[in-house]
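Written out below as structure tokens is the structure these notes cover.
Just so it is clear, A, B, C and D label the chains in written order, and each chain counts residues from 1 on its own.
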Amino acid sequence: MLEVGTLTSHYGRIQALKGLDLTVREGELVALVGANGAGKTTLLRTLSGVQPASGGSIVFDGADITHERADRRVKRGIVQVPEGRQVFGPLSVEDNLRLGGYTRPRDEGDAELERVYSMFPALKERRRQAAGTLSGGQQQMLAMGRALMARPRLLLLDEPSMGLAPRLVEEIYAKVRALKQARTTIFLVDQNARAALSVADRGYVLETGRIVLAGAGRELLGNEQVKAAYLGL
Amino acid sequence: MNAPQLEVTALSKAFGGIHAVDQLSFEIEAGKVHSIIGPNGAGKTTLLNLLTGVYAPSSGSVRLEGSDVTGLEPHELAARGMARTFQNLQIFFNMSALENVMVGRHLRERSGWFTAMLRFPRLTAGERESREEAAELMRFVGVGEYIDADADAMPYGALKRLEIARALGSKPKMLLLDEPAAGLNPTETHDIDTLITRLARSGVTVVLVEHNMRLVMGVSDHIVVLDYGRKLCEGSADHVRSDPRVIEAYLGSEGLAAC
Amino acid sequence: MLAQLLQFLLAGLTVGAIYALVALGFAIIHNASHVINFAQGEFVMIGGMATVSLANSGLPLPLAIPIAVLAAAAVGVVLEKFAVEPARGASVVTLIIITIGASILLRGLATLVWDKKLHALPPFSGDQPIELAGATILPQSLWVLGVTLGIVLLLGWFFGRTLTGKAMLATAHNPLAAQLCGVNVRFVLMLSFGLSAALGAIAGILIAPITLTSWDVGVMLGLKGFAAAILGGLGSGTGAVVGGILLGIAESLGAGYISSAYKDAMAFVIILAVLFFMPSGLFGSKSAERV
Amino acid sequence: MNWRTPRTGGLALLAAVIALLPLALVNNYWYEVAILIGINAIVCVGLNLLIGYAGQISLGHAGFFGLGAYGSAILSVRYGWPPAAALAATTAGVALLALVVGRPILKLKGHYLAMATLGMGIIISIVIVTEDRLTGGPDGMSVPAFTLPGLTLAGERVWYWITGAALLAAVWIALNLIDSPAGRALRALHGSEVGAQVSGIDATRAKVGVFVISAVFASFAGSMTAHYSGFITPGKVSFFHSIELVTMVVFGGMASTFGAVIGAAMLTLLPQLLTILKEYEMVVFGGVMIATMIFFPRGLLPSLMLALGRKRK
């Protein structure tokens, strides 16, 4: 479904991606793990088109989208939940969600909204509240709900557990598993390597802009190199 | 044991109701390497910003060498011997590499505005000394080859060390490094490791915020682990490494792995 | 005494409403692009001058006005497309110089298309002053206040109720996240230039029957609008309206009770006084710098 | 001595241009243009220290220029001071004023700073237009020639050399400042304010310092204009003149002292040349401004140097 070939990208003057290859197949949950500054967020931004690729290619459903505008990619179904939530703080929860469905036909909006509310009941209770007043966990739910409003064919999740308490991390990952069961294709980036790799079908390890390891999720979880990279064990 | 060089008491910082740093207390001992670790979003960079005066704390206090320095401006703290680097490099890209380091000597320059504008001989002598010392510092941190380069022509890894050279320009008593190894390859990381050890040996107190555990565990005399802006635990590398709370905070809960 | 005060207040309210419209234009463009558009005053001029010339060519006002507003909006979009967009990523000062260049260019074009004379636009509904508790008010002032109120309500509806309006707010707050929602931020940029040009033009048309209009009428109005936008706190719609009204009233009271020669200075004295104590204006958000 | 550094080679080149230019100045009109360029260049060299090097915008420097001009004029005409004393007192007064208003103004950032400086300039301009008993109001006032004991300085040729010398001095001082600890502090503030602060630089103090220097440059140039032309009007104090000055700096190239000189020269000459276009003058002028900023966002001189540097490689 998604094929990335020798992708490079520069963040300011820094080459953040140094020729990166990976694939995501339909219905799969693929996790990408790596340390701070390895280029995880840059990769997701390049996939979404908010950060230009300087070389290589991104092919989605057979179409080359390497240089396509970000909003067109959303219409194709590539939807990202950005790092740090990035909800529209002054707008209400419901407005945030409706903006998520910006690219969808207007008449679908209400039905879609109900679907998201049934998945995240906490959001429905706070539908009139300004998104900026939500707790971190609720904002993460909102960011995910907002992305789901666009009916993603490929959901990109960037650091969904960042700064969240363990109980909330579990809650978020429960939603991720639910999405996976509903056959949503997901590409997940998380520093919480154990959480990410344990739900993933396959995983990649990113180090300074390059993929250094690939394999099944469980397999990577047991890998000594991965363990060493995360706790100096 | 000596009196601590830096004493942090019940320090808090809130952004729009969310506590990035929450009732944090710890001490820093002179001449040692201290590390502050914790998962993303744990409040490490905010803490560094509080310690160096970039942010004013919401409450709590910081004492440096016995005197209260809470709420002082960054340049006032710099004058008291504090220097730092940044996770998102704060290099002066409009200047040459050497000039960047010369700025680091700002507090030790002796000529003022008038001397400068009329270019009295005193200035020329000071400038020569300043240039030589800056070049020496660049060689010390291992970027000697860029002495004649413009800062915006240097690779990322070299810039990280250039910032350290700039910080050393003030001859600080305490150096705070914010993720010096982020974005570096293993060889470069190893160089940073050596550099930190050399600095500590020369008597500078090092406060390190870092994600690379191998680096942290290798160089630190003392580690403070943060989670959600609070202190999770502190102690030696071995002590911290074996604390189950730390493992959970880092690798995620065991419960998740089982499902 | 009281009647005089009321008279000053009414005059201030009228001109303040005009400042508010111009300030809203500054705020909308700043939100979308972080550009301060120093050509904002020229939209006011284009609105007034275009209406005058269309009316003189025999077109009835109800027809001339919308055409003039649309023309100004088109100029706004062209400005964005050909002067602001190509300079994306340039420094703030460079962008300021570009919009100042655009302002000079537009004024030059105005002298070519029209002339350098003063022009009057007939009041929309007569010039018989209306008595009000000892003070008088021109019917045109009522038009100014009524239309401004209408526009403020309309903008409130647009930004509060429509998805396009919310997409503009969202883009202003977080362009990255807006893009990830599928909002075409370039379109939003053009829309905001068009919209604020239209607002400026409407201000110019409303005020033309009271103060006359000419090719260089936009400079002072533009500066006062900028002052109002800053006074309210850049980017805040409420701030722009409140800032505009406050400046208008302060100016009118200052001219009436202190010195009419220093009427134009009032706005700037107030803005300096406010900024010294509230560096982000009255309603501006204090954003903590993240390092 | 290294002739390729700006302080030696650049100054020598500028001195040569000033020395040889009279060969091309066929009549008094062109002398006047040359003097005007020199005076604008002095203001721009100072303003560039503030905008180009320290990264702080000012849309009100015509105000300082006007205070210099009117201060000298009023003290020598209304109070009968000797011009040299009037000049000294005015310069000191403007420096003091800049010091006092600079502190609160320079705490502001970005567009708020632009607004505050703009407001300051406009207030000065309105005061000058309104206080007509002192200033002659919109009609302006005449100013006596500059005299030193036993010496009267008058005429285009004399003022050409005075302006040339003053410009050389201004450029020399600016170059000196840039290449010194204080100048590095200013450039550091532009590069990264927080980076500069943690290096021990007191941001407010440095900004106010350069604000005062740039105000003094403008005030001095204003005083020169008053005595040279013998007559001043409020036009040179207006908002438009402030904008003109900033445009010169940005046009020539921010953070380039010689760029500021070139910008002043180009934008002083351009309107003289454009007068042949008559009614199209404004349109072309505005168009040139937009196009230059789009194609050379860093200004003429730095873009030119960059292109030359690339070629050499």
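The rule we apply is simple: a residue touches a chain if its C-beta (ideal position, glycine included) is under 8 Å from a C-beta of that chain, and two chains touch if they have at least 3 such contacts.
No experiment lies behind these values; they were computed from the predicted model shown.
Q: Walk from chain A over to chain B along touching chains and report the minimum step count.
A: The fewest touching-chain steps linking chain A to chain B number 1.
Q: Give the chain pair, either B-D or A-C, that is connected by more C-beta contacts.
A: Output for the comparison: B-D.
Q: Compute the centre of every chain as the mean of its C-alpha atoms, then state which one is farthest from the centre of chain C.
A: It is B.
Q: Please tell me the distance, in whole Å, between the geometric centres of chain B and chain D computed from their C-alpha atoms.
A: Comparing mean C-alpha positions, chain D is 41 Å from chain B.
Q: List the centre-to-centre spacing of chain B and chain C in whole Å, with centres computed as mean CA coordinates.
A: 47
Q: Could you grab the centroid distance between chain C and chain D? Build each centroid from C-alpha atoms only and quote it in angstrom.
A: A distance of 32 Å separates the two centres.
Q: If I count partner chains per residue in chain A, which residues reach a count of at least 2?
A: Residues: none.
Q: Indicate the residues of chain B shared as contacts by at least two other chains.
A: In chain B, 54, 86, 90 touch at least two other chains.
Q: Can you list every residue of chain D that touches 2 or more other chains, as numbers and ranges?
A: 194
Q: For the complex, which residues does chain A have touching chain C?
A: On the chain A side, the touching residues are 48-50, 69-71, 74-75, 79-80, 82, 86-91, 95, 98-100, 102-103, 106, 146-147, 150.
Q: Considering the complex alone, what residue numbers of chain C touch chain A?
A: The touching residues are 163, 166-167, 169-170, 173-174, 176-185.
Q: Help me check something: in the complex, which residues belonging to chain B touch chain A?
A: By the definition above, chain B touches chain A via 16-18, 39-42, 152, 156, 179, 182-185, 211-214, 216-218, 228, 241, 247-253, 255-257, 259.
Q: In the complex, go through chain C and note every residue touching chain D.
A: Interface residues on the chain C side: 30, 36, 83, 86-87, 90-94, 96-98, 100-109, 111-112, 219, 223, 226-227, 230, 234, 259, 261-262, 264-265, 267-269, 271-272, 275-276, 279-281, 289, 291.
Q: Using the touch definition from the top, list the residues of chain B that touch chain D in their complex.
A: 52-54, 73-75, 77-79, 82-84, 86, 90-95, 99-100, 102-107, 109, 111-113, 115-119, 123, 126-127, 130, 166-167, 169-170
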